[in-house]
Each structure stands twice: as C-alpha cells, then as structure tokens.
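Each of the two complexes below includes chain A, the first together with chain B, the second together with chain C.
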Partner chain A sequence: MEEKEKTLWGELRKGFITTNPLLVLMVGLCSSLAISTRVENCIFMGLAVIFVLTCSNVIISLIRNFIPDQVRIPIYIVVIASFVTIVDLTLKTIPAVYERLGVWIPLIVVNCIILARAEGYASSAKVSHAFMDGLGIGMGYTSVLLIMSVFRELFGTGKIVLFNTTVINLHIKAVPVILIMFPGAFITYALLSALLQWYQARKKPEAEEG
Partner chain B sequence: MMRHVLNLGLRLFLVCAVAAAGLGLTYSLVKDRIAQEEAKRRARAAEAVLSSIGAQPRESEELTALLQRDFPDLITVFEGLDEAGQRAGYAFVLKSKGYNFITMAVGVDLEGKVTGIKAVTNEETPGLGSVALDSEQYLAKFQGKGPEPLTLKVDVDAWTGATFTSKGIANGANMALEMWKRLQEGGEV
Partner chain C sequence: MNEAWRYFLLFFGASVVANILLIRFIALCPFFGVSTSLETSLGMSISVIFVMTMATSVSWIAWNYVLKPLGVGEFLYIPSFILIIASLVQFVEMVIKKTSPPLYRAMGIYLPLITTNCAVLAAATESVKPGFFTKLNIAYHYGFPEALVYTIGVAVGFSLVLILFAAMRERLEMAPIPKFFRGVPIAFITAALFSLAFMGFAGMFNL
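Coming up: the complex of A and B.
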C-alpha cells in the first residue's frame, strides 16, 4: 500500500520537473506563449487545463480496453473536446471571467499536452495513475505559466494587476515593453528552459556520487 | 472484415453518443443562465450608450419585431426614456461583421445623432481588433455623427491594424442610423 502511494506521489511530482510539459516535453507552447502576458489569464487557463487534462486522462484510462487501436485518436479528440465544451459553457455563466478568457478556451482542444498525455500515458495506465498524471502535468503547466507571466507582466508593464487591483507596482517609467510582446515570450521561455536544464545537469552528478 | 469495420464504427458511435448526451445535459443546465447573462449585458450596453443623453433604456419588443423584418442583424431595440418618461432616443443592439462578428449597442437620439457605441461581446482578434473595440476613446469618435451615413476614413479614422474591426463598427453605426430613419419615416419618432 505504501509502495503504491509512493508511485502515485511520483506520478504527481514528475509533472513539475522531469516531464514538465512546457520546459521538458516542449508541447503546448503556442497558447502558453500567447497568454503569459497577464498573470490573471494564466490562473484561469491553468485551472481549465488541469480540469480538462485530469478528466480526459481518467475517462481515457477507464475506457482504454474498449477503444480499438484504429480509431483511438478520434475517440481521444471527442473526449477532450467534450470536456473543453463543458468548461466553455460553464465559464459562460461567469461573464467577468469569460470576457477575458473566452477566446482561449477553444484553444485547449488543440493544446497538444492533453492529446499527448492521452496517447502517450493514459491509454496504457491505471485509472489512479492517469488521474495523478493529469493533475501533476496540469499543475506543472500552470506553474510554468505563472512564473512566465509574473516575470513578463511585472517587468513588461511595471506592475501586476489581479482582478482589477494592482498587487505589485514597481513605479518604474521605462519598462522593457518587449517582454510582453512576442519576442519577450520566447526570451522568457528560453531562459526558464535553460535554467531547468542547468538545474537538472547539476543534480545528476551529485546523485551519482551519492 | 465487414464485422471488424462495423465493430469499430459501433464503438466510435457509442463514445460519441455518451459525449453528446453529456454535453446536452450540461447545456440544458446552463442555457438559462447564459441567456440571462446575455440579456443583462445587452441592457448594460444600452444603458451605457444612452447615458450621454441621460436616458434610461427600456426594451421594446414591438419595435424589435417591426424592424427585424428588414434588418435581420438586429438583435433587440431599447427605447431611451428621459426622467419625465418621454422618449429621448433609441439603443439598437445589433450584429455587424468585423473580422469576426461584433455584437454592439448603438445609441441614436431623436435628431439622428449617434449618442454612443459599446461592444456587447468582443470576439475580435485579441491584441488587434479587440483593442479598437474596447477603446472608449476610439468609440467616442463616432459620437455625434449622423443622421447621414458616416464614411470610414472621412468622418472617423480607421484604427491601424484593425481595419476590419473599424469597418464593422462603422457599418453597425450606419445600420443603426438607417433603422432610426425607418422609425422616423414610419412616424415613430
């Protein structure tokens, strides 16, 4: 029992570092580069992706023995698109959120992280593992989004505005606006990716010595 | 071979059927809330475009039905009533083609001047068209135009990078002016 819990915990944790979807697997980049201009957007996008990823992982893992190999991709897409539509409809009842996020929600369908996890993991894993994997990968995705957006919004606009309240204000006049524009997305992403590579490369020799 | 194909089709069908049932259930649960929110948003936009002449909106099913025959893109008409309860203008909520579809409210006073424009839903390209449609400063440039149809780049400049959105706004304003004219000719003013 303890052994099983440990692996479940491992399934959850691996999404943050070793198989981080954005920085290591490098999937699902397009929408993440586009929305990481504002912290607020990333919070909602992250929550939506966690929900869709976890639900689709569980459902696909549940029916993995029922899905014939030849039509597995259409089935994955039906499952994922259904959950995205559910999120879309639910968010429509909260206009304040939907106004900001509406255009990004349909993009979750084409977010390759979800299809990649369905195809590469959930289709051959136990339900409990698939659930933890979805949660872990989703949270790994969200944490990278948050780091990127805090960096870009803070230094690109000089302040962070959350739900119409200014949380942090640096009071600097000449901000590097490039950070919230497209090149800024790539620069931030490359820096983070390099940082993680460095961290892992540094950890490895230590582990070998230990 | 035939049985194999049928088997695949049947399983795919089953998954789709369950998904469709789930979606239908979700939709039936939220559809009233969504309709309510949309009606509220339309009313708020109508209030905003009529505020410059100090009028309050009141939805008029009668005028909506009358105008919708000739203007299929019209969603609903509000009458603007001043403090004495006299009609002071109209707010037309209508759909206009920008880069995507723009739903917007256009206020027109009794002289046929635009009193204000506000987007009800903004589905224009984020960062380009959406900025123009969200800019109160830009929309204010349409204020006071009319009753003659306005021309983009003559009466109002187009927003750089959002030509389609600017056209959509101008066309929507013109549609509202045309409806105002129709109401006037029909003796409704």
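Coming up: the complex of A and C.
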C-alpha cells in the first residue's frame, strides 16, 4: 500500500480488493474450497477466521517489540493456536456446525492467511492498524467465501437453507449437482479467478463482483 | 476381515479414495505453489512423506501417553501438535544438514514450508481422532500401526497427485488457453478434472 492509504479506513478496505487473501494473495484456499458447499458453514467459518485473525494481529502487534527475532514463528503459532482453541471449544457447543466444519477448525492454526498477516503485517504495525488489517482481511476472506457458497449452494441444490429455513428456492428440477461436489469447488474458484483477471485487464479500480 | 486386508483398505482409503488434495482440499497452498515444475514437486513429496510419518508418530505418542492420561487433550491438542510439528521440522533440518549434505540439498528448502502445510497437522489430528473428516472410520481408536499406515497413505496420496499435477502443468504451459483463463484459473480447472477422476474411486467401495 502507498503512504496516503495508511488510514484506518484504507487498512480495512484493502482486504476486500487490493489484497484479498483468497483471490489476490492466494492463501487460505484449502478451507474456502472445502466448506463453501453451504452458506451456513461459511458464516461460522468466516466469523471464526475474523475473530482469530483480529485477536492474533492485535496481540502480536502489542508484543512485537519484545519478541526475539529467532523464535518469532513459534511465538506467533502459540498465540494463534490459543485463539483457535477458544474458537474450537466455543463451536463445540453447536454440535451440528462443529460436525460439519470438523477438522477445519484446528486447521485455522495453519491457515496461511493468519500466519502471513502476523509475519508480514502485524509484526511491524501499530496496534490500531493491525486491528483494522485483521478485520479487513478477515472480511475479505468471508466475502469471497460467501460469494462462492451462495453460487454453489444456489445452483448446486436449487435452494439456500439457512438455520433449517429455506431462504431462496429456485424450483428447478435438474440442478448441476457437480457444483456442490468436489470438482465444483475448483470450477467455482477458477471462474471467480478468471473474472478477476478480466476485471484487471479492463483496468477498473472499483472491481468487485457479487 | 483379516488384518492385512484391513491395513490395505486403510492405506488405499487414505491415499486414493479420500485423497487429501482433491477430495478433502487440505494442503492446497503448497499444491498450487510448488506444482509448477516436476523437480520441485518430487523434492516436496519426499520431504512431506518423511516429515508426516515422523510427526504423526510423535503426536500419537504424545496424545496417548501424555495428553490423554492427564485429561488435557481436548483443549491442548492444537498447540501441542503444532509445536511438535514445528520443532520436529527444525530438528530434522538440523540433523540432515549435519549428517547428509546431499539429502539436505534435495529437501532443505522444502522443510520450513512444511510447518504450515495443513496436511501434516490434519494427519496428526486424524490419527488420534479418527473419523473426523473421512467416512472411512474402520476403527475409532487407531493403534500405533493403524495411525502409521493411515499417515503414510495420506502422504503417498499427496505425493501421487502433486507429481501427476506437476507433469500436467508443464504441458499446460504450451497449450492454447483463452486469455483470461491463463495461469491460475486453468490450473484450477485441471484440478477439477483430476478431482472428478478421483471421485470414481469412491464408487469402488460404495462410500
């Protein structure tokens, strides 16, 4: 980012477009592809990532002057792992969601987004900036997750079900089931990524889809 | 079901049927990162098999002899496993550097990357909490041999797909691809087709 963009609002906004973790930095792909079959999963996963990312960014930014350089990665990982454990134990109270998200909750620890922000941003930024960065990147991640999951659930099953109530029903008989199966995740991401390349080729600064 | 057949099913299930990359979407970042050339994929594969086997062995021992008897497993398994993996990778790197320079040249640069390879943590978690994600929960509590076979299966599955995909990507460089699909999108489309092919294996066991 340029210096003039170093405002708090700019820090928040850049996570959506310029440094979107999924589409531009290409980190944290695994979880987004695996859980985007249902919108409901993505809401919980998005909240979990926003929480962990913001908290770990703030803590690492607070203690950045006390961390010896040689052992910084283990320290970051311990900080992140503690917050992930909080999320893990909290989500356990909602068994249906916990069952579906499964192994992805502990895997937030090694979600490259969080370690990348800790190492690349929070370790050298003011606390307020780190907080906004965590929030922005987390929301950027969540927004892509929602775009993908809405697309996949809506066209893959013909309807969107949120908390046991059908929100949208398209009433189509034959749906392309492949979208909610494994290859569908790759295809959806490929289409989004191609769309982004198309936007960038058109040189439009306000390019955001969905 | 005799013993050998059970181990074979576990291995086959972990490596091919529930392939860690294409069916479970774990460890996609190194997958798309290093699969640009066949040589780096080979180096990464060997390192992953090696580290994963060791990481699961140590995590399994830590879980069954330390965390579980003390009753702290449920809330300490994430930090302890990730620390085990991180320190193990560091340790392996030092040992290899001292004892075998040729091996270090082949594996050295991939080792730090493996710390944040989700597949290692996933395999370690699943070998102590089986049935977390895969439908192949043949035994709920894995003994040490099962955990080992499972992990090697996962690692072999990772390597298999990584090497196949790298070979494919080298060919894609020369293919005539629509302008906006060049680079990342076409790699994902290829992965989708791979995934479709691997889904066929699930049908073999009526999963």
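The criterion applied here is as follows: the second predicted complex is superposed on the first by the 186 of 210 C-alpha atoms of A that agree within 3 Å, B and C clash if a C-alpha of one lies under 4 Å from a C-alpha of the other, contacts with A are read in each partner's own complex, and residues count from 1 in each chain.
Just so it is clear, a contact is a pair of C-beta atoms (placed from the backbone, for glycine too) under 8 Å apart; a residue touches a chain by one contact, two chains touch by 3 or more.
None of the values given here were measured: they were computed from a predicted structure.
Contact with chain B, but none with chain C, is seen for A:75 once the two complexes are overlaid on the shared chain. Set against each other, chain B and chain C touch different numbers of residues in chain A, with C touching more.
Of the two partner chains, chain C is the only one that A:26 touches; chain B does not reach it.
In the overlay built on the shared chain, the residue A:10 is in contact with neither chain B nor chain C. Once the two complexes are overlaid on the shared chain, A:89 sits against chain B and chain C alike. By the document's definition of touching, of the two partners only chain B reaches A:66; chain C does not.
Overlaid on A, the two complexes show chain B and chain C touching the same residues of chain A, namely 74, 78, 81-82, 85, 89, 102-103. Chain contact summary for the complex, chain A toward chain C: residues 26-31, 33-34, 73-74, 77-78, 81-82, 84-85, 88-89, 102-103, 106-107, 109-112, 115, 178, 181-187, 189-191, 193-195, 197-198, 201. Against chain A, the residues of chain B that register as touching in their complex are 7-8, 11-12, 15-16, 19, 22-23, 26-27, 30, 33-34, 37, 40-41, 122-123, 126.
For chain A in complex with chain B, the residues that touch the partner chain are 63, 66-68, 70-71, 74-75, 78-79, 81-82, 85-86, 89-90, 92-93, 95, 99, 102-103. Chain contact summary for the complex, chain C toward chain A: residues 22-29, 32, 74-79, 81-83, 86-87, 115-118, 121-122, 125-126, 132-133, 179-189, 191-193, 195-196, 198-199.
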